[in-house]
Amino acid sequence: MFLEIVRSSGLAHLSYILGDAGKAAVVDPRRDHDIYLEIAAREGCLITHVFETHRNEDYVVGSTGLAAATGAEVYHGKQMDFAYGTGVTEGDSFEVGSLALSVLHTPGHTEESISIALYDRGFSAEELVAVFTGDALFIGDVGRTDFFPGREEEMAGLLYDSIFGKLLPMGDSVILFPGHGQGSICGGNLAPREFSTLGFERRHNPALRHAAKEDFITAKTAERLFMPGYFERVHTLNQQGPPLLPALPAPLPLDPASFEDLAGGGTVLDVRSKEAFAGAHLPGSLSIALDKVSSYAGWYLDYGKPVFLVANTAGEVAAAVRYLVRLGFDDIPAYLAGGMFKWEVSGRPFGRMKAVHAEELVAMLDAGEDFTLLDVRAPGEFEDAHLPTAVNVHMGELPCRLEEVPRDAKVVTFCGSGERATIAASILLKNGYENTQACFGSMAACSNLGCPIETGVDR
Amino acid sequence: MFLEIVRSSGLAHLSYILGDAGKAAVVDPRRDHDIYLEIAAREGCLITHVFETHRNEDYVVGSTGLAAATGAEVYHGKQMDFAYGTGVTEGDSFEVGSLALSVLHTPGHTEESISIALYDRGFSAEELVAVFTGDALFIGDVGRTDFFPGREEEMAGLLYDSIFGKLLPMGDSVILFPGHGQGSICGGNLAPREFSTLGFERRHNPALRHAAKEDFITAKTAERLFMPGYFERVHTLNQQGPPLLPALPAPLPLDPASFEDLAGGGTVLDVRSKEAFAGAHLPGSLSIALDKVSSYAGWYLDYGKPVFLVANTAGEVAAAVRYLVRLGFDDIPAYLAGGMFKWEVSGRPFGRMKAVHAEELVAMLDAGEDFTLLDVRAPGEFEDAHLPTAVNVHMGELPCRLEEVPRDAKVVTFCGSGERATIAASILLKNGYENTQACFGSMAACSNLGCPIETGVDR
Amino acid sequence: MFLEIVRSSGLAHLSYILGDAGKAAVVDPRRDHDIYLEIAAREGCLITHVFETHRNEDYVVGSTGLAAATGAEVYHGKQMDFAYGTGVTEGDSFEVGSLALSVLHTPGHTEESISIALYDRGFSAEELVAVFTGDALFIGDVGRTDFFPGREEEMAGLLYDSIFGKLLPMGDSVILFPGHGQGSICGGNLAPREFSTLGFERRHNPALRHAAKEDFITAKTAERLFMPGYFERVHTLNQQGPPLLPALPAPLPLDPASFEDLAGGGTVLDVRSKEAFAGAHLPGSLSIALDKVSSYAGWYLDYGKPVFLVANTAGEVAAAVRYLVRLGFDDIPAYLAGGMFKWEVSGRPFGRMKAVHAEELVAMLDAGEDFTLLDVRAPGEFEDAHLPTAVNVHMGELPCRLEEVPRDAKVVTFCGSGERATIAASILLKNGYENTQACFGSMAACSNLGCPIETGVDR
Amino acid sequence: MFLEIVRSSGLAHLSYILGDAGKAAVVDPRRDHDIYLEIAAREGCLITHVFETHRNEDYVVGSTGLAAATGAEVYHGKQMDFAYGTGVTEGDSFEVGSLALSVLHTPGHTEESISIALYDRGFSAEELVAVFTGDALFIGDVGRTDFFPGREEEMAGLLYDSIFGKLLPMGDSVILFPGHGQGSICGGNLAPREFSTLGFERRHNPALRHAAKEDFITAKTAERLFMPGYFERVHTLNQQGPPLLPALPAPLPLDPASFEDLAGGGTVLDVRSKEAFAGAHLPGSLSIALDKVSSYAGWYLDYGKPVFLVANTAGEVAAAVRYLVRLGFDDIPAYLAGGMFKWEVSGRPFGRMKAVHAEELVAMLDAGEDFTLLDVRAPGEFEDAHLPTAVNVHMGELPCRLEEVPRDAKVVTFCGSGERATIAASILLKNGYENTQACFGSMAACSNLGCPIETGVDR
């Protein structure tokens, strides 16, 4: 048998392909499904089964595309109404060579969530060796239960039952294959480790420290996780089956004049590093560095508008396209041929964003300089530790809460390391906050320098 | 400016992409056009012009696909009725940055053939630096003029006028960029060299040694070049515009049982090496080693039947798919997962083909053994030199001339090196000639050994 | 943190690189250590620790090379005298970012064998999450204990204590990272699965079914595993530290004449597929298909003689070089440029090996044909099931037991699938057994066909 | 036969590998010679001949390395005393399969310069088809003749004789394969085109417009080309044979603290884009974007000091190493692991460089702002066109002419497009010019905007 983890960085999405004896199954495929075909081909296997552990909200699934390419059947929990695939329920079992994949209904994150127990029947037909837990149980955390407004307690209770009543009892020695790794927005605090067992999680997963159901529910309902607007669109796509993409979009390389003409009707997304954006950028462009596109593009892009890319190389353009398609953004007509260089030599003006380092920021605070220190991290992070005078507007809410940011003074954006601060700064610049700076290094640098730290909620 | 030659091996097809200042032109693109997009992207150029030097017969063009991907305009000679693109004629000129591309009407190979003169206007707006000659003038040869039955003399005369009247007079120092290199079926005897000038060709191209038009025509009409049946289909596709392929076909990996079931309705094409085919192969399969697929698959495959592949690796399958698509074979549903190994361990019987080396063959001849020595080379090659007792059936005609090959005796196929002999042997095996062997090394080995050689036509 | 498994196919060797916070550790690196540097670079880590779980016998370690490239320290069990590195013992512990690596002395396979417990201190400083077990405990098997002649019982007893006394008590939920996967010669019957836990192994590993020490010892000492001669050389290299290789050897492409001249003084190793070898091969060459080179080259090649390669492509040559270097064969002066094709067209004679399929073999047996059916599998495999009339000479012993193979009759070699049979057949051909054939498909095909099977030892 | 051009970007260096019938020759190999081995292997050829058209000054040759790897013989002009290889002279001829390579002595650039005439004897043994001209004759220019102080006229005269007396008379139809393409420092004004003929050059090469020898000499001796200091070191290395590199240097990934510690003793080279450098950089680092390293690193780095790299990715580090080795900088101990991001989050301060666009610059000029507009282009470029108030210090001379740049006012560096301006700005910043800015777009942008332009030499 073989099992390979396919990681989609940015989304911290983990999908799996496993197979035996010429057949293979895929769990939670991403939309650009070519990689599963490549692995299956390398292993000499035909993909026959595709499982969705739940209706995903943060990325568009590749199930229908993979089914179209291979003839595989798609399976998901029968408690939700999908426009494609086959509903399965507790106890349904599937054979893939010497492997058996058996379905557990583990609701909580969503109502129809399933986990899939993996048996290696050559060794034991009774004891499972591993379980795919989707977004029910992660390494170091559990899934969100806040997707059904008004039913938060109910969903948290369902998740408790799924984990404590079904998953953990399967045995300490069972290996965990979850749907996300560290960095996912589908949980709060996943571990930076990709391997664990039910036993290790039972004892050391912070989210499982509440053995009593009511405590677990209390803790879950107290969570305040950000819900980006694009989740709703992805929900719909994943329930109806997303448009099939026979090939990835191939944006055209346009010269500055043509690019400028066309881009006015869409969003200019600059995927270069935050340092390069700081140095020079197209006025009005949104800065999301390439490795953050999967995480944050869905928060700010508009499904109704085309995306125009600024990148260093054609390879970066291709990667950005892949990341955007995973979020359902398929309309990417063009990129700036030759990158910033061609823009600069064309004589067009460009923008700049001053990067401030931690020492400078502290000196500004010490000197009592008049500026807004805008901390764009999540409220929980802000409460744990922030700089004096900082105000907190979560970066995801920034476009709707611009009125809270004074326009008459300098703004320095701030986050955990400078990455989110730059995205936020680009939004401010786009919205006319000309005197916007970003603190590179941000809280990480301040901690290393031993800057003064405060705790508690924003006033 | 940049200019890059894109070679399609097997077809010995040469296409070109050149560009300047953000724009690029492509000459005679192949159907899997991704490579032009990649080069253009690397060069920061948008492809705006696609030229077809003539209606190609040996491969399916990528013009329409490339136009669909980029918005480029397609240009070809106006003397033929194409279902797409724009007709151009002598003197039409196009600018690509500092380059100028100027059309010459150079009929002969086809009626609407054009050549394209390239000017680097930064150096000279009057004197061209190079010319794309399509299938009019090659390095070491000229194009075929036998595509219009009954009009051979007329076409040869047109070609003479095109070459002697238009191309050569452009000047000795002009660099030649032809449509094919050595090994193409579109000419008889192309040089194994990719660079030349009109001057060098004028003096040393064997096909241009006849300065008198009537001698040139006599020589051309005396040529007997093979005309594979698939040319007609390719003609039609290229005139109407071939079906667009958003992505290359992705055949499925099937286990021996499923493969055997399905493959009965199509052709099993074995692209492994001739040695591997000799060692063990699927009974009834056609052997064309991967690097010969472009050259020969069109001769034997049926456009109405699906192709099923046997290869060593998934990478070889992907390459074979690419080669087949270039010939217009898009229906490739599956390949044998795990290759011959899986077939063997399934317990299914396999075929063998004995490979004979030159010493053995000579010994057989010396001993007066009773067998058919079947030389499958072109008649011209046979005439130049062949072994005693050899009979000549050109490999392309073999399927229609099987009755000329005795069924009651051993057959040893023979060619220039063993490659074509193996293809022919696989056809004989497929048709029930159980005692078929192929001479690996063939004429090359015999020459190196100093075997007895005869000349003249087959009796 | 990150952890990546580096697989060396053929050897079924598993090595590991893991890291955190800019530092990385490697467990049991292979000799061509470039891959660890690449992974470390990708993860932004400096390799600071290299662990050898034991003195390996089946491959040459990359510890000293990796240490030279990075400045890392090498650690191994202190019970053996190494010419490099630092001896460690039970309880020694090392920090790599938030990870802790703690040494367990787990002898049995060798005296100085260690296991390495992995702690993720962000989650638990007391409970390990995984353990690197080297060749003590595999998934589905345990390590060999037959490396110290006369001390087999003692070593088996030590291994029992290591596993039952130290490893298993660490807890059911601990994940297992062993030194080998399925196919390794360092154990008998490893599982075709790469993930497991101590709990799952405790209950389902066939080698652990004997809870009583004496039964375990009895079972281990009854094993008859093959001990290739090259182990001794590898032992020495690994204890003294193998020669450093600043770069992999780069054999020269030679034409047939030069190749023939030089190769006389060494071994010609043909790494093409068994089918290609069957079709045509250099007389006197040893056939080991590329993916079997790591497994079997050490059994037949002579450390004192240069190796000359026959392959299909330069890429295959490079892979073969890599595999040979892993075994300590560094003297690889040349390969046949252009492969078999150039040999054939040079007019040189080539050999053939007839491949027999299972149906044919059964028909030969049914017809009472006079031939030697030479089953070259391990004695244990032979005992479990073999064809009637088969004689058993283990392929590893074949060069020394040729006198047991009659020279006057046809020989058909036989194994599990045809791969080992072909290696053996090439050895017979090399030694003058002209009428040697190999059964492709072998026992697997016979099983699928339902051929008559016998059990028991060879007469 | 095959011929492939190997380009070393940055150096605009063109080397060539060509072969036939199992043998290959290389002309002017670069030091990282792996690519020639790969091409030769792909073509099934053994490299047997290496030609150096002259003692190169701008890059370290790979002849000795290639000879060590293949056993090839190295050939160069006999008029110079090399510590390796074989001296050849006019008329020496070498056969490579059906090709003949014949030596012409074509001094002028250096005394021992040779050109190599290429004959394809299958077509003509008398008329050459192409010529490798080294640094004698380029496309659009001729070689420098200023390497022998005091002998400029003599060398220019020699070059005239070589070109007008030997090369051009070989015939208009001969194809030119020169040693450099556009962008090389070995000529003044090479064409942006890679293919030409002696005929086209004779008529359109601006450097050949002087048919009279004295005019040619006058023009050549009037050239003022920059002579970077590293040429001398490269001269020595190339004459003595550079140190062999069994493998490229592999700098270690160091964390900010270790990097900072070590880098103090060397030069920190930042190969990120100029925009990224502008946004944030290590204080005191030298900015040369990756694709400019080959061109400019030799101008500023010190052979006696180690180089420490700042890059975005490990891939960029590897590319930078390759470029540095081509210039003879082999001591590259480390790079900053994790790049700028790790530096920033460590809390260390970073530098910034303000990028000014053309509109802003013009506005500053219009407003009569007090600042130094430092144009760092070559004097000839400056004379052709520069902005009002600009002062000219060639970037190569900047480190020695810092006293000409006032320290009390803002400096804006300026060049053709902003790339050289950034390198110069980084040198000013490194030297304490805190108020240094660079004009991105520079003259190209100004031209596109229609800014006021002046001509003539700097005051």
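In this document, chain identifiers A, B, C and D correspond to the written order of the chains, with residue numbering beginning at 1 in each.
Methods note: contacts are C-beta pairs under 8 Å (C-beta built on N, C-alpha and C of every residue); 3 or more make two chains touch, one makes a residue touch a chain.
As the structure is a prediction and not an experimental result, all values here were calculated from the model.
Asker: With a step meaning a move to a chain it touches, how many steps does the shortest path from chain B to chain C take?
Answerer: The least step count works out to 1.
Asker: Taking each chain's centre as the mean of its Cα atoms, which chain lies farthest from chain A?
Answerer: Result for the farthest chain: B.
Asker: Count the C-beta pairs in contact for A-B and for A-C, then report the pair with the higher count.
Answerer: A-C
Asker: Whole-Å distance, chain A centre to chain C centre, using C-alpha means?
Answerer: Result: the chain centres lie 41 Å from each other.
Asker: For chain A and chain B, what's the span in angstrom between their mean Cα positions?
Answerer: For chain A versus chain B, the centre distance works out to 49 Å.
Asker: Spell out, as numbers or ranges, the residues of chain A touching 2 or more other chains.
Answerer: Correct list: empty.
Asker: Could you list, by residue number, the parts of chain D that touch chain A in their complex?
Answerer: Contact set of chain D toward chain A: 272-281, 312, 340-341, 344-350, 352-355, 357-360, 417-418, 440-442, 444-449.
Asker: Mind pulling up the chain D residues that touch chain B in the complex?
Answerer: 1-3, 20, 120, 122-124, 127, 129-130, 140, 171-175, 191-200, 202-204
Asker: Considering the complex alone, what residue numbers of chain A touch chain B?
Answerer: Listed in rising order, the residues of chain A that touch chain B are 22, 37-38, 40-42, 44-46, 69-71, 246-247, 250, 252-255, 314, 317, 337-338, 342.
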